[in-house]
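Structures given as structure tokens follow.
Paired with subunit B in one complex and with subunit C in the other, subunit A is shared by the two complexes that follow.
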Partner chain A sequence: MGQFIIRRLIYSVAVIAGVSVFVFIITHMLGDPARMMLPLESTEEEVEAFRDAMGFNDPILVQFWNFVKNAVRLDFGDSIWQKEPAMQLVLERLPRTLQLVAIATVLSLVLAIPLGAAAALKPRSLLDRTCTVSSLVGVSIPDFWLGLILILIFAVGLGIFKTSGYGGLPYLVLPAVTLAARSIGQITLITRSAMIDELNQPYMSTARAKGLAERTVVVRHALRNATIPIITLSAWQIARMVSGLTVAVETVFAWPGVGLLAIQAIQRRDLPLIQADVFIVALVVVLLNLVLDILYGFFDPRIRYS
Partner chain B sequence: MMRKFFALVGVLVLLMSVLAACGGAGGAAPAGEIVIAIGGDPSTLDPQSADDGNERAVNDNIYETLVARDPKTMELVPGLAESWKLVDPTTWEVKLRQGVKFHNGEPFDAEAAAFSINRIISPELNSQVASNFATIKEAKVIDANTIQVITTGPDPILPTRLYLLKIVPPKYASDPDFDTKPVGTGPYKFVEWVRDDHVDLEANTDYWGTKPTIGKVRIRPIKEEVTRLAALQAGEVDLVRGLIPEYVSEVPKAVSTPGLEFPWLRLNTLVGPLTDKRLRQAINYALNKDALAQSLYSGYAVPDEGQILTPGHFGYNPNVKAYPYDPEKAKALIQEAGYAGEEIEFIGEAGRWLKDKELIEAVAQQLRDVGFNVKVNIVEWSQWLDLLFAGADKAPTIQFSAHSNELLDADRTLSSLFHSTGSQTAYSNPEFDQLVDAARTETDTTKRADEYHQAVQIAHDDAAVGYLLNLKDVYGMTERVEWTPRADGKMLVLEMKLTE
Partner chain C sequence: MREEVLVSPAAQPRATLLERVPRLKQAASLFRKLVGDKVALAAAIFLLVLLFMSVFAPYVAPHDPTAQDLMLRLRPPAWNEMGLPEYLLGTDPLGRDVLSRMIYGSRVSLVVGVAVIAIACTFGTVVGLIAGYFGGRIDNILMRIVDLQTAFPGLLVALAIITMIGPSVRNIIIVLSINGWMVFARMMRGTTLTLRTSLFVDAARCIGAGDNRIIFRHLLPNLASPLITLATLELARIILAEAVLSFVGMGIQPPASSWGLMINEGHAYITMAWWLVTFPGIAIALTVLSVNLLATWLRAVTDPMQRDKQFGPRMR
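Take a look at the complex of A and B:
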């Protein structure tokens, strides 16, 4: 187990390093970064002074070496846009994004697993069909659009929630639901199909023949065995939320998290901020994978780490 | 569970409306809170270092300038300065208002004024707006209430420049908190800034001028336009900037003012087919500016009067008028020039400015209608920038861009878009250059205006660029706000009123 974790950690570091190098390359090689960061009206002298100050005039390998040297100390430099250390700006916002993702995840699991299981117990029933159809809707609806529609109905129309901003429940519900919509749909569908598989296994008859209560049969035996695909999918959904979906949702709801920061950093071509943002997001996703690998063993002792 | 939750929400809403209703009373003391939505978070709250409209939306209420502008006429009027005069060609003397204090108690005096001017031009600050003050050599304290500003050469528009220079407290300005916790002399005091969420201000009851009537101000960055609109409709915010013209009918109240933004076409007059003046004139005659303003901007735009300047800019030539829409004349000019249908490359970008892509497509179609073989190419932003600054030998035949001159003086527009050494220029006319060079150091205001009038006329007759539109600034408001927007785009809460 210990060895396994060490191996995974080495692998994680390699992934993060790879992602950071990739971001360095695309941000430095495409176009003139100085012109992109400065206002259109800037004169050539101002642009040249800025290039000097930022080190853009150094050979690209020197720039790359400086980047690597600082990155290993988690120092990506000051944000050009907000003039504070880029890493600090990202870390300031990370808890708010994680809060949103955590609530969306809990919401997904609490809704999707019982729904999927119930649908699996009575295939082709009205409940099953309703679940399947609404899951498909959840999966295929564009998040950006869903967010705006929810705002128009529940904030502007009914006035129950707030349209935008950061705060308690009135601010939290709509972005969390928007963020969760797709994963609710997907987790419901996978739970349903995994449960149907398990319920048709011969060991189910054995369990029932032993005289176990139906509830125990379904929850202890079928659902437990169906958890592996559910966990895999959920982890993937969380990673997807952290690494991209929050950009759209936080923009629509003006939720001051890492995603909203990322889109602003990209629009302003704020290289240090983009690099710090991508680094942290990659770190979260890699850690998530690590936790997932450990969870596998916990839920299914048949999986060995050697 | 769910029912309890909704009951809770109901109680909360009720509670909040009761609290809100209590806010209104209170005679002369500043009362009530106004919430203003802007497009993004300020980059910094140091009023001198960034070129950032979001920063200005906050700091215009906290800081003041020596020279102000009349809200209606945009004429220069006294601000923190009582008067100013030219004492010799390179020296402006400024008399300061007395008895003004910064929010932290520091006195506003000659030392503070001189410090602020010397700070913004200092290489250590490395300000993004330093180019506005490139003509200033130094500011000197003469006595407690007088300073002199020394310029590198004659600078006739120094007072105009001072309108962009906010006065900062000399002691506190070196504090590390200065760029996040601003302290000025203005009608509103800083309370807190939660990045990407809000900036809170409160009325400065010791303000030296007209006392503020609104007690509290919250400025919220809401990036997405539809969300801004929704927040206004839900009454969560009272005033939004940058309302899209289509949404005007959706909001309780909308107001507009002529803005500073000009979409325009950079024509390559030095290389390629448009070296022929007749073809450039044909382009200008082919553009139906009124139709573009109506169909794309719901009327919240006016034709550019052939100069990329507003009547508020010093140097605006009232005698120059927009090229009329005259497709027949355009066709005749094209024929006269012997244009044989060579492909004309039209470079544009998408998403940077309001309706830019739609405008580019519509313009291209109007050019095709008179016989130009236009090929539109929408390129990625970095590529678009490279082309804009590449110089005439690489410049595309036509490139779409937008220009905004906040200095309100013709110099910046004429020298960066038309002067042969300008960074975005693909035009060269020695006579034009000479006039602009002379005007830059001309201290006689009448002569200077006259030089700009001539320069504007020359560029217009040469059809040096494709003149398009001047967009209006549109604001949405709730019923309870009373405010007339300013042509310089400043949102001064001091000039706003809440009616309930």
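Take a look at the complex of A and C:
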């Protein structure tokens, strides 16, 4: 187990190194960072002076070394927009995004697993068809649009929730539901399909034959064995939410998380802030995967040795 | 003597076109199955109509999508009291026709979707085939690269790249392709690994076929059906991704139109003009839903193992 964790740790460090190289290439080698950050009407001398001050005139390897040195200390310089350390701005916003993701995840698991299991128990029934079709619809609806429609109905029309902003339940419900919609659909579909697989296994007959209650057979035997694909998909969903799905949803609801911050940084062409945002989000995703991998290895010994 | 034994092709009873070309026969059987499945048929017809409308947009669209008329701004759909019959789905804040803009906008979704799939699928398939077929060190290196890129925050990286190289249709296609090839590589590698040791590959090697011939003439055709299914599923994802990019202002730029951009433009008017965001959103949702339904159906007909799962086992 110890060796397994060490191997995963080394791998995570490699991924983070890869991400930083990629971030460096994007921000320093594609396009002209100085021209991008300065106002359009700046003169050639101003641009040149800015390049000198920011070190964009140094040889690319020197720039890279400085970038790495600072990245290790999580220092990406001051945000041009807010005049504060970019990293600090991102870290302030991070918990709000994680809060949204956590609620959306709990919501989708609580709704989707019972729905998918119920659908699998009665294939081809009305309930099954309704579940499958509405899951497919949930997977197909663009989340930012769903958010706008929910605002139109529940905030503008009925006035139950707030249209946008950060705060307690009235602010939280709509963005969380919006974010959860797609993963509810996907988790329902995978639960249904995994359950159908398990329900057709011979051990189900054994369990029934030895007189176990149907409830025990379904929950203790079938559902428990179907959890691995469900966990895998949910983990993947969480990573996807953190690493991008929140961008559109936070923009719609003006929820001040890292996704909205990324858009604000991009609109203001605030390079240090963009770098810090991408880097931190990547770091969170990598850490998340690391924890999940270790949990997998813990629960399923087969994974440890492959 | 020999002439008598050999029957000349002309003397044979004429084989129908379908029998002579096996691919065509397969396609015909697939078509019959499609007609039999109402849901999949509806999805296919919707996509065909959409394709027709986007190709012939100048003839289908009732108005010029960029023509502004401030006298006609923010008119609701035609069935509304304030609506005008010639502006079926209403007008936007600049007095442009919403329906015409949607018809032209469909071009973006389809062009970006198809182009990204073509690039990502080709690249990913080649990488996956090489990794799976040759195995060993090459496989290891290629798959580590795939893993590495999968761990990236895809959309954020895409946004960052677009910020640097500027938003345009070409750049959106590039960025989404960078983001989408890994899935294909992974799947192709997995399937190739299982086929590599199969009898027909051994047989091909025995008659002296080279690596290239085995990969492209023997392995690839056998990988076609899972590949097509995956490509369809990915198409749905790509259409959504383009909509998100345009919605946050990093995709298609005005005055051109795309469904995501229309929702972005309508966002500010949401309380006074519901039709601006509603119709483009429905268009995206219906398109993606149709593609998803078609992918689900494709998987069910091409992979019998999946059929029971899809529709539920018949016998219990």
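Everything that follows uses one rule, which is that the second predicted complex is superposed on the first by the 296 of 306 C-alpha atoms of A that agree within 3 Å, B and C clash if a C-alpha of one lies under 4 Å from a C-alpha of the other, contacts with A are read in each partner's own complex, and residues count from 1 in each chain.
Keep this in mind: contacts are C-beta pairs under 8 Å (C-beta built on N, C-alpha and C of every residue); 3 or more make two chains touch, one makes a residue touch a chain.
Worth saying up front: this structure is predicted, and the values here are computed from it rather than measured.
In the superposed pair of complexes, A:Leu109 makes contact with neither subunit B nor subunit C.
In the superposition on chain A, A:Gly244 makes contact with subunit C only, not with subunit B. By the document's definition of touching, both partners, subunit B and subunit C, reach A:Met36. When both complexes are overlaid on chain A, the residue A:Tyr166 reaches subunit B alone and has no touch with subunit C. In the overlay built on the shared chain, the residue A:Ala181 is in contact with neither subunit B nor subunit C.
Of the two partner chains, neither subunit B nor subunit C is touched by A:Val90.
Contacts of A:Asn200 after superposition: subunit C is touched, whereas subunit B is not reached. In the superposed model, A:Phe253 makes contact with subunit B only, not with subunit C. When both complexes are overlaid on chain A, the residue A:Leu152 reaches subunit B and subunit C alike.
Once the two complexes are overlaid on chain A, the subunit A residues touched by subunit B in the first and by subunit C in the second are 30-31, 36, 148, 151-152, 156, 251-252, 263.
Against subunit C, the residues of subunit A that register as touching in their complex are 14-15, 18-19, 22-23, 26-27, 30-31, 33, 36, 123-124, 128, 136-137, 139-142, 144-146, 148-149, 151-152, 156, 193, 196-197, 200, 242-245, 247-248, 251-252, 262-263, 266-267, 269, 274, 277-278, 281-282, 285-286, 289. Across the complex, subunit B is touched by residues 30-32, 35-36, 38-44, 46, 49, 53, 81-83, 89, 92-93, 148, 151-152, 155-156, 159-166, 169-170, 251-254, 256, 260-261, 263-264 of subunit A.
Of all residues in subunit B, only 5-6, 9, 12-13, 40-41, 43-44, 49, 51, 126, 128, 130-131, 179, 194-198, 220-224, 226-227, 230-231, 233-234, 236, 380-383, 385-386, 388-389, 401, 403, 412, 416, 423-424 touch subunit A in the complex they form.
Interface residues of subunit C, counted against subunit A in their complex, comprise 147-148, 151-157, 159-161, 163-166, 236, 240, 243-244, 247-250, 260, 263, 267, 270-271, 274, 277-278, 280-281, 284-285, 288-289, 292-293, 296, 308-309, 311-313, 316.
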